[in-house]
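Each structure below is given as structure tokens.
Both complexes shown next keep subunit A, but they swap its partner, so subunit B is in the first and subunit C is in the second.
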Partner chain A sequence: MTTDEVVGESSRGRRLGGHVVLGVLSLACVFPIYWLYATSLRAPQDVYSLSVLPWPLSTASYTEAFAKNDVLGMLFNTGVIAVLSALGQLLVALLAAYAFAAWRFPLQRLLYLMFVGTWLVPFQATMLPNYVLLSRLGLLETLAGVIVPTLCSALGVLLLREHLNSFPKELLDAARMDGRSSWSTLWTVVVPALRPALAALGILLAISAWNEYFWPAMVLQRSNAVVQLGLRSFMGTEGNDWGPLMATAGLACLPVFVLYLVLQRHIVNAFVRSGLK
Partner chain B sequence: MSRIQLQGLTRRFGAVTAVDDIGLDVADGEFLVLLGPSGCGKSTLLRMIAGLLPPSEGRLWLDDTEITHLPPQRRDVAMVFQSYALYPHLSVARNIGFPLRTRKRPRAEIKAKVAEVAATLGLTDLLDRKPRELSGGQRQRVALGRALVRDPGAFLMDEPLSNLDAKLRAGTRAEIAGLHRRLRATTVYVTHDQVEAMTMATRIALLNEGRLEQLGTPSEVYDAPASVFAATFLGSPAMNVVDTTVRAVDGTLVAEAEGLRLSLGIDADIPDRPVRLGVRPEHLTLTSAGGQGIRAVVTAVENLGSEEVAHCDTGVSVRGPRPLGVVPGEAVTLSARPEHLHLFDHDSGRRLAWQAASVPQPV
Partner chain C sequence: MVSGAFVEVAPPVRSREARAAGMPDTVPASPALWQRVRRIAPPYLYLLPAVVLLVVWTYQPLAQTFVLSTYSWNLVPSTPMVDVGLGNYERLLSTPELGRSVWRTVVVILGILPFTVGIPVAVALLTRRVRGRAQGVYRALVFAPMLVAPVAGAAVWQWLLDPSAGAVNRVLGTDVNWLNTAGTAQLSIIVITGWHVVGFAVLVVTAGLAGINPDYAAAAQVDGASRSQVTRWITLPLLSPTLAFLVLMTVLLSAQWTFPLIDTLTQGGPVGSTTNLYYLLWEYGFRSHDAGLAAAAGVLFFLGFIVVAALLTRLAERLSHHDD
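== the complex of A and B ==
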């Protein structure tokens, strides 16, 4: 008898079966990623080889990718977009959610519904007006043009308001009794207490900004300022340049994987909390 | 140290009147307990005094300043919350020092003051801990410390002991009472626990459905309850209240009902009048069956250790030193001395007092 048996646990066989299914599923998830890195490490003439192990190893694809594009610059730009967009959204969401949760004001429900409503409007519907606006502002083909329209995210407001609604109201009252203004209560009481939730949301927003392809492609047009666009340069009408394409894609995924390894718990948390993906 | 005055304080939430026209004058150094059942408006009243909730009507003074429209930080009062409301991300020392940091006091002064308060409350060894690393009683003391550190004119406490277990509660009760004796700070203390009210209060304000039912010292409220509500709210088990008729028999007044006849000890001659008669369980004595009193059959006997409580079929209970000497099923007669009988108006439930002047004196 082991102590970690679960009451009502069925036979060993069924448990084994469950593990096999999970194992196969995770293999199916991991395999494309493995294949991506495997291909990027093959010698140029072996790119179409189907051998499971890439042998002999070669960094030729990486050399070519770096020669053709400023990969580091692209990674840096993408990083800037991801970080600024995430921070901006966090700030906007925090202020809006705090107002909705801590105060009572007229038309509160209506305003909140409108916030939520913007979440339901598909990206395709706002894409063109945003594009025209950016063009008038002269922000096309700039990083600012990519970032600014993403700054207000209904998702962030929604998630943070839920957190703030379950935030103990007596703490806000206590801060008021202790002499803090609303503004200072937000920064000295609410934000520190909500740090895990804010970190989780920030990571979620940064990763989705990092992975965004379509919107940067529209705003930045033909330039290859961000890494997801840089991938295009290896796709051509006469076929794709798989080696450097995979090398660049591998580098593009790397920061997300590293982030995931370092902050695993927070990220899983973020996706679970958001109920998305 | 401050005096708090309330005048006609009222708070409505939509159609509900949570606090209804309350006037109180809390003297400097007083320990006023707001007592009442759940939902009677105690917290609402306290939050209005704190400035966390604007009153619908009425006015408030702290000493000679009207504070009705002042925000909480400009009222010289500190509050202890039921949930303690400690800042979870700050250490005990920083929690206690928080109000002083808000007021931009010099660092050295804050440190000294926090150390002094921590020493008073026996928290010195816990100053570096986070609230989640503390027991309930320790958290409660930190919350108290955060209020103490400000040297406020008055303390407001909303059921500060309700999250503690019985033993800790008794200890902390004594501690708070001791602290009040030492500091002589005006305190308004909310509770629904009658033991806390009786032991700690200099005066009790008994609330019922938002209205002030009775205001008085613990003994006044216990010995001369102003209404049936007050009579049955305090005391354990509650005061026995029976519908009776007062009539004159042979020139003295007696209260009569089915199986009940008790002399009021007043010589007078008045027309019959329905009243509600109250008598505390500890004021009833068992007499041999057959005499004058309340006739009843014992249904259950409760052992409280030093005392016993006998419950009877008519809803009356008796309390006395153990053993009472009765067993369930036994028929008993209960009597009480006239000075221990309370009379309440049958309709309004208010206390009736005998006014000799109104008695037609026989010549």
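== the complex of A and C ==
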């Protein structure tokens, strides 16, 4: 506010400039997404049209996409992976973060560094042994093989610990005085208070799991069980069948966008927070 | 099957607790010891699932990669592993592919940096005055590409960049085969990755700017500093931890970000022009089934990561002392 006063009348021009800059950037960001859905909704003979509005609208591309691939099955499998992986990561991270926040114990710092240290271990340095381990456990080409190795999210532990650190210790002490076990304190005191943070993190984890490509590609190999892989093989085999390809790609993004429309602010905040640490 | 795997994670805590709870009956001789165990055990029990998962899926495989890098093996369980000492490293370092892929990785990182640092800083500074509902709408729009699944993003860009029917060539009036020409393929990969992450970076910088105490700028302006001086000498230095974080993220993750695009759009081609280190590793391991070579490359990748991260963290620490 004070800077506004100092700058005086030029702030209006600057605000307009700001709108122009953001408007151009927004357009550049959204145009490919718009074009994806626009193409998918054109009638088959209009797919090559450059008109901005897809008119007349047609669902022929979607019908064809469903006929060529088991799109619903892929979406369902991907959904199962996203939900189970997010819930599992939330639970594991919640327990670990609770330990870090509610107790002081030997080796705490070392154990904490173990989580931070995962940032330094690139995926590509562990993928071969993980692949061998999965094949030994018989989990290759199963959805469980996609989910289990991702269940410990260091990001989740760090974020939840941060939330829990700002949680009033008196409440934990009061619960202990009441003779509650730490387990019941966790579920009756901590979790209700942490619900918004858990929801935001859960959505973030579910979206990441939904969009994950590398790990499923490795575990599921050439099968098309999840939508990202189905899309890949569609691109490979019917590369120029743009209408159905865009329809499949559109469906692959749709659940995330619907979630985004409903919970927009929370999702953006969760992502940005995860980036800021 | 899937849910079974999921439930598998929780029980260690409970079962250990239950076992611990049963212990007084089995070890009545030393109640004091039991009391102590009971007092110090809880945090470790809560950490157990996470730590077990970390060890099994991150640290133990990392150690195995070091071991594997000294063997020759083709990933088939029935074939024996042959100890070759440092042979894989010699082989790796003597292939010209490695040097080229490292160079391409550097090019990709440098190419993505404008999208994760340059553009976001400029945009965030220029748009500080835009507030309220309009800001919310812009946020929602620029962030959207981050949510597009990488393969779906690859699909739509393949369509936009199609040499004959794509919108880009028809609007520009050119007939460039963007994804199948050595120079433009790399450029396309960089731009598509940039498109994915630019909105996210803008929001991170905006949040970083919002966290800066406005009193500094106000005081400087009272002292007669111009707007550009305030930006150069106050805002940017205070923003530097955020910027260091974005640089670190770009360096560590760019190979990961580009992987789905390369795998679906160019497969490392044409003539290897988009094969970066990450993709090379993938090819060694899963195309040539040369586990030893891939592991050796993975070890070098890991060591490179550590060096880069240490340098950038030190830099960030030095810079962040501004706001004392």
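Simple rule for what comes next: the second predicted complex is superposed on the first by the 259 of 277 C-alpha atoms of A that agree within 3 Å, B and C clash if a C-alpha of one lies under 4 Å from a C-alpha of the other, contacts with A are read in each partner's own complex, and residues count from 1 in each chain.
As a convention for this text, a contact is a pair of C-beta atoms (placed from the backbone, for glycine too) under 8 Å apart; a residue touches a chain by one contact, two chains touch by 3 or more.
From a predicted model like this one, the values you see are computed outputs, not experimental measurements.
**Student:** Aligned on subunit A, subunit B and subunit C: do they clash or fit?
**Tutor:** Aligned through their shared chain, the two binders fit side by side on subunit A.
**Student:** Determine, under the contact definition given at the top, whether A:189 touches first (subunit B), second (subunit C), both, or neither.
**Tutor:** Touch status of A:189: first partner only.
**Student:** Is A:120 contacted by the first partner subunit B, the second partner subunit C, both or neither?
**Tutor:** second
**Student:** Under the stated touch criterion, which partner chain does A:173 make contact with: subunit B (first), subunit C (second), both, or neither?
**Tutor:** Touch partner of A:173: subunit B, not subunit C.
**Student:** Angle subunit B-subunit A-subunit C between C-alpha centres, in steps of 10 degrees?
**Tutor:** 90
**Student:** May I ask you to name which of subunit B and subunit C touches more residues of subunit A?
**Tutor:** For subunit A, the partner with the higher number of touched residues is C.
**Student:** Tell me which partner A:142 touches in the superposition: subunit B (first), subunit C (second), both or neither.
**Tutor:** Touch status of A:142: second partner only.
**Student:** Given the touch rule stated above, what does A:35 touch, subunit B (first), subunit C (second), both, or neither?
**Tutor:** It touches subunit C, and subunit B stays clear.
**Student:** If you stack the two complexes on chain A, which partner ends up touching A:253: first (subunit B), second (subunit C), both, or neither?
**Tutor:** The second partner, subunit C, only.
**Student:** Looking at A:105 after the superposition, I want to know if it touches subunit B, subunit C, both of them or none. Which is it: first, second, both, neither?
**Tutor:** The answer is second: A:105 touches subunit C but not subunit B.
**Student:** Looking at A:199, would you say it contacts subunit B, subunit C, both, or neither? Reply first, second, both or neither.
**Tutor:** It touches nothing on subunit B or subunit C.
**Student:** In the superposition described above, what is the shortest C-alpha distance between subunit B and subunit C in Å? Please give a whole number.
**Tutor:** 9
**Student:** List the residues of subunit A that touch subunit B in one complex and subunit C in the other.
**Tutor:** none
**Student:** Quick check: in the complex, which residue numbers of subunit A touch subunit C?
**Tutor:** My answer: residues 2-3, 6-7, 11, 14-15, 17-19, 21-23, 25-26, 28-30, 32-33, 35-36, 39, 48, 50, 80-81, 84, 87-88, 91-93, 95-96, 98-100, 102-103, 105, 108, 111, 114-115, 118-133, 135-136, 139, 142-144, 147-149, 151-152, 154, 157, 182-183, 207, 210-211, 213-214, 217-218, 227-228, 231-232, 235, 239-240, 242, 245-246, 248-250, 252-253, 256-257, 260, 264-265, 267-268, 271-272, 275-277.
**Student:** Sort out for me which residues of subunit A touch subunit B in the complex.
**Tutor:** 168, 170-171, 173-180, 184, 189, 192-193, 195
**Student:** Give the list of subunit B residues in touch with subunit A in this complex.
**Tutor:** Interface residues on the subunit B side: 47, 50, 52, 71-73, 77-79, 81-83, 85, 87-90, 98-99, 102-103, 146.
**Student:** Help me check something: in the complex, which residues belonging to subunit C touch subunit A?
**Tutor:** Touch residues, subunit C against subunit A: 1-6, 8-10, 13, 17, 40, 42-47, 49-51, 53-54, 56-62, 64-65, 68, 75, 77, 119, 122-123, 126-130, 134, 136-160, 162, 165, 167, 170-171, 195, 198-200, 202-204, 207-208, 214, 217-218, 221-222, 227, 242, 245, 249, 252, 255-256, 259-260, 263-264, 278, 281-282, 285-286, 291, 294-295, 297-299, 301-302, 305-306, 309.
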